[in-house]
Amino acid sequence: MSTSDHDHDSIRERDSEATFGDYGGQYVPEALMPALQELEDAYERYVLNNEDGFMDEFRERMRDFGGRPTPLQRADRLSERYDREIYLKREDLVHGGAHKLNNALGQVLLAKYMGKERIIAETGAGQHGTATAMAAAHLDMPCEIYMGRTDVNRQRPNVYRMRMNGAEVNPVDAGSGTLKEAINETMRDWATTVERTHYVIGSVVGPHPFPKLVRDFQAVIGQEARQQIQQQAGRLPDSVVACAGGGSNTMGTFHEFVPDDDVSLYAVEAGGSSLQIDEDEGVAPNSATLSTGTDGVLHGAMTKLLQSEDGQIVESHSVSAGLDYAGVGPELSHLVETGRVTPVNVGDEAALNGFHRLSNLEGIIPALESSHALGYLEEQHEELGDLVVVNVSGRGDKDLETVLEETETRDLEAAPDVEVFDS
Amino acid sequence: MSTSDHDHDSIRERDSEATFGDYGGQYVPEALMPALQELEDAYERYVLNNEDGFMDEFRERMRDFGGRPTPLQRADRLSERYDREIYLKREDLVHGGAHKLNNALGQVLLAKYMGKERIIAETGAGQHGTATAMAAAHLDMPCEIYMGRTDVNRQRPNVYRMRMNGAEVNPVDAGSGTLKEAINETMRDWATTVERTHYVIGSVVGPHPFPKLVRDFQAVIGQEARQQIQQQAGRLPDSVVACAGGGSNTMGTFHEFVPDDDVSLYAVEAGGSSLQIDEDEGVAPNSATLSTGTDGVLHGAMTKLLQSEDGQIVESHSVSAGLDYAGVGPELSHLVETGRVTPVNVGDEAALNGFHRLSNLEGIIPALESSHALGYLEEQHEELGDLVVVNVSGRGDKDLETVLEETETRDLEAAPDVEVFDS
Amino acid sequence: MSDDGQPTTAAAGSDIEAAIRENHPALITYITAGDPSLEETKAYVEALDRGGADLIELGLPFSEPVAEGATIQAAINRALEAGTTQEGFFELVDELETEAPLLVMTYYNMILQYGEATADVGPFVERAADAGLSGIIVPDLPAEEADPLRTACDDHGLDLVFIVAPTTEGERLDRIMSQVSGFAYVQARLGTTGARGDVSSATHESLARLAEYDVPKAVGFGVSEGDHAAEIVEAGADGVIVGSALIDIIASSDDPVADLEAKAAELKRGAVRGGESLTNDVEDAPEPEQP
Amino acid sequence: MSDDGQPTTAAAGSDIEAAIRENHPALITYITAGDPSLEETKAYVEALDRGGADLIELGLPFSEPVAEGATIQAAINRALEAGTTQEGFFELVDELETEAPLLVMTYYNMILQYGEATADVGPFVERAADAGLSGIIVPDLPAEEADPLRTACDDHGLDLVFIVAPTTEGERLDRIMSQVSGFAYVQARLGTTGARGDVSSATHESLARLAEYDVPKAVGFGVSEGDHAAEIVEAGADGVIVGSALIDIIASSDDPVADLEAKAAELKRGAVRGGESLTNDVEDAPEPEQP
């Protein structure tokens, strides 16, 4: 059911700073409200007004530690394949292997400016957790990461990376032991330790001011890309494509282009194995929240959700762990509602083919998350105009095992035969 | 036995272009000599004289595809720890995770300019192989990688990465099934297919002009670092430290600083578990070629080697696969002989501690190769002056498993407890 | 809001406020509806009512209970696995005839989703009123986001209970206290729900800070024994709220109905004991102090 | 170099050149010393000598045999595992008394390392001469790097045999042919050593290209049967070199001594047959042509 059928004015009338149209807000336990106000204040002073040179230091560290700017690369062979100009924004080259560090470093640095003494964060597959652990080590902040037990067991390399960066990893046994439970548990820690602790949320989700804060730290992607495409191709692109889980790489890429009315923005979600929710099992075999979700409140914000008719959040599913989330950033919900962003999705197979295709044709092994954007490019490139920017949000080293397993059970058109015979 | 005891003039009198003092040359089967001459010619035209804009294209691709320039980062916590300014050259941020792409992309592009139709390369742990496979995919060149059977079996993720980038991987069953055998086998392929094939050698080793060619492609490391340190610290460093296996990151980092007499250059080799060669077993429990090797000919060049008294090449050993080689670049042998470069080494434990220390203090997980340079920094920082540049040649994601195993059996001062208890 | 637009300070005359004032110091109990089944919940509620509960909170289970500790999370999981639905919950309430007024405690998304229309709180509140509920507590709905729900509650004569946390201070505290209806839910300590072995110093500090507001105050989060109840009432509370300690009984007792009734009685006795010692020895009350 | 400073074109009067010219068309055999032991090598060499080998190459095993195919690599591994040393090799040669002159085939590093001093070729060449070897073949020593070894060989009266590859052409070919001593080792095809089932077209092309040089030419790399030998001699070679086919016998025969002798005889017959057909039918020789 889409929000346009309903009158949201009745339920959201407060301070418009906290909302994006009908979406956003601060649906959190009372105990956290003062911390959110403190964070709003810090956001305004340090991020918006560069007080004490905060943003200068952030940008300098993202350059020297994080490896920014990342290139915008013309993809020669994709351009040929699709008979149009395809440019890749190379967030896979950011330290840690994904755009996640842009946000993690920004928030850890902000926590430091705020005088916080401790960092906590949730992680699903481990990408945000490793980025936060790296940032916390770099800035000498104690750090604890909550991670579902199931994820701990299936993402060991990322657990070890976090440990090696000095972070504690706290397995969460509740529920299915994945991202949703990790977020819940991190909020519980935060509700207990809020006075000295900052919660580094991993995407443009959560209560205000997180969606704006994270977006502003990630906006560097689009700022760079917009300038680069003009320099390299001489004009703005016809369309910009990015995958969307929570939507941080998405908003980070889109933000700078939102005022450019002629630039189409495509948020590619995980279509998983099907777009239908199984109400009985409480399971969505996808995480296509923007395309198929309904309005509700999850993790502090009003946004589009995958939920049952009874209001329970369902388990989402995608071959890509980083997209596997039942919510989405409220600003994206709003931009979809207003028509500025087009929500689309491709399924697991298209993503796996996208993974293999970029690896094989361009020598870049993309994250499975980013592979969704590439899968969409393959399917719908004819609608994207002559000049297309695709955000490669991360690298796929972390996904090798999954891809091998998933490739084995399918007949993928773009997959090589990976076996090298054994002696 | 050091060369200075001997008169090399008697054994090397030819064309000084092919040698570095007493070292270098072209000790290859006759069948390859015409190809080396062709390559010398291409090197001079395209690399030295930028014919057809070769070097411009190389630099542009290294920027857009490879992610150059890489940052020179002040390491705040190491600087504090060692009470001097420590700067890290971040080659771990290059596409693929190591400096290896600088060379691989350069050579594949050169092969293309030369009209070659096929790329072959050797690989040990898989770093050079994956870099070459990426470059070949990017430039649309068929590519085959030779890899020892033992390495194939213990480095499966890198095998899969190469396959995903479209390269063939040819396991080599000879000998101990590691790097040395892979190089031998690649030379055999080359000797068979030399007319249409280019052999992308993986370090500053092999016959002339490879050591110069690879060095020139890698020299961008030092060119950037020299400019960056002057901008950021206002002067040249007192010393520059880099690990040395074959020596490509080493020469790449040092080359630009060689004329700066006041800058000390330290090549840190793998001390392994001991510096003694076991003659009976034909095994060196290290790969400290520059520190302990004797002069001889291996893989096409006169250089320092780990060999038995009878002239057999011994198996080297290091916890770091990428340093595990019985030879070393001839130019490094020469620079050590003339006193310009100081050869040093640290053992497996110091390297493992270096790995953990950088991960923990700076949020950068370094390659085990690079960790040797960091181990040396810990041990001998007092000798390095007030301003030190350390090359972080690659990232350590590839080494996680090894480090976990090696850490388990030791009592390492810098290692965290990595276990997260199981449910 | 009252008709004249003034905040209905502790909506004079509400069932809830009456239940607290009349049974002062009051015992407020929480259990999760549907744990382990709605039928059993019915028996448990009646037992608590018999044991001396003056107000009964019934949890409507939501899949993401971010404010709950491990005990209530587990209860919610059991309830959801047992197939507890919103309609089932309301049907249970329809049937219940307790002396103590009933409140529903649930998360905001449940309120938004009830009925045909997504993201509209009206249908839920209407159904709650129809079922005979007296009030609503929403742990993830701070005052800033509460306007729509408060409007609907006012329309249907339900109290909307706000939580006051140890971190709630200054202007926000004033604003919240001016909007309280029924009672102020005083969160005993930072963190989540869950039985604890002691009464936190934050409880004393919060009660001292709230002393000046003429609003019934009930303390929850961690209260598990009669002695805690006594201590809390002595510190100035008008009631104590107990949840996890009751759920522990449901989860492990061989005869939960009897044990729940006994536990309620113990807690009520403790509260009363605290009230008596207060009347006898009013000078012992701690000075209000800001942390 | 000869005393007058002129290149000693096929060092007139050397044992090796004499062996080829006198036994034309010549059979040159290669086996690896120490495979499977030096004692057995002795018996094998004597068998080849009896069978009709006119020149015998003995491989001194080196751990990195980049020019060898799988067969000779395996032989070298067996020899090294058996503990074959340089000194052991020379002692074997000391003992051997064959009619056919002996050459050592080894990699350059072995030559550099022999004796006390590292990287000095003198001691090796001196010892080789003392042991009675007539020449040296070094597959990884192109003419450009050969000055020091050639000087030492000249000093001690040994031939230094160069390999001419299918890719060797033009000026380099002239230079190499002007420096040949003993014979020119004509590499039959690109690639590594190893028995093949046919004679490559590259062999014919190479021999045609080399026809103008007045130097004995022996063809190796892939020759395994009498018929190949015949075809190669017919194409203009002065001799054929056979290695891997013999090592196959050593590795698998029940009676290697007898089989080696028989194989040498077969190959020699083939060579002679080729030589005869050439004398009878000289017009069939292919025209020299550049590829």
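By letter and in written order, the chains are A, B, C and D; residue numbering begins at 1 in each of them.
Assume contacts are C-beta pairs under 8 Å (C-beta built on N, C-alpha and C of every residue); 3 or more make two chains touch, one makes a residue touch a chain.
On a predicted model such as this, the values are computed, not experimentally measured, just so you know.
With centres set at the average Cα position, the gap from chain B to chain C is 67 Å. Chain B and chain D, compared by their mean Cα positions, are separated by 37 Å.
Inter-chain spacing, taken between the CA centroids of chain C and chain D, is 99 Å.
Listed for chain A are no residues, as none touches two or more other chains. Across the assembly, chain D contributes no residue that touches 2 or more other chains. Chain-to-chain contact here is organised linearly: an open path runs through the chains from one end to the other.
If you check each pair of chains against the touch rule, the ones that pass are A-B, A-C, B-D. Across the complex, chain D is touched by residues 1, 3, 5-6, 8, 10-15, 18, 25-35, 174-175, 180, 184, 187-188, 191-195, 282, 294-300, 302, 305, 307, 309-313 of chain B. Residues 63-65, 67, 70-74, 76-77, 90, 92-93, 95, 97, 133-138, 140, 149, 152-153, 157, 159-161, 163-166, 169, 171, 173, 356, 359-365, 397, 400, 403-404, 416-418, 420-423 of chain A are the ones touching chain B in the complex. Across the complex, chain C meets chain A through its residues 62-67, 69-70, 73, 77, 80, 85-86, 107-110, 112-114, 117-121, 139-145, 147-149, 151, 162-169, 172, 176, 187, 190-192.
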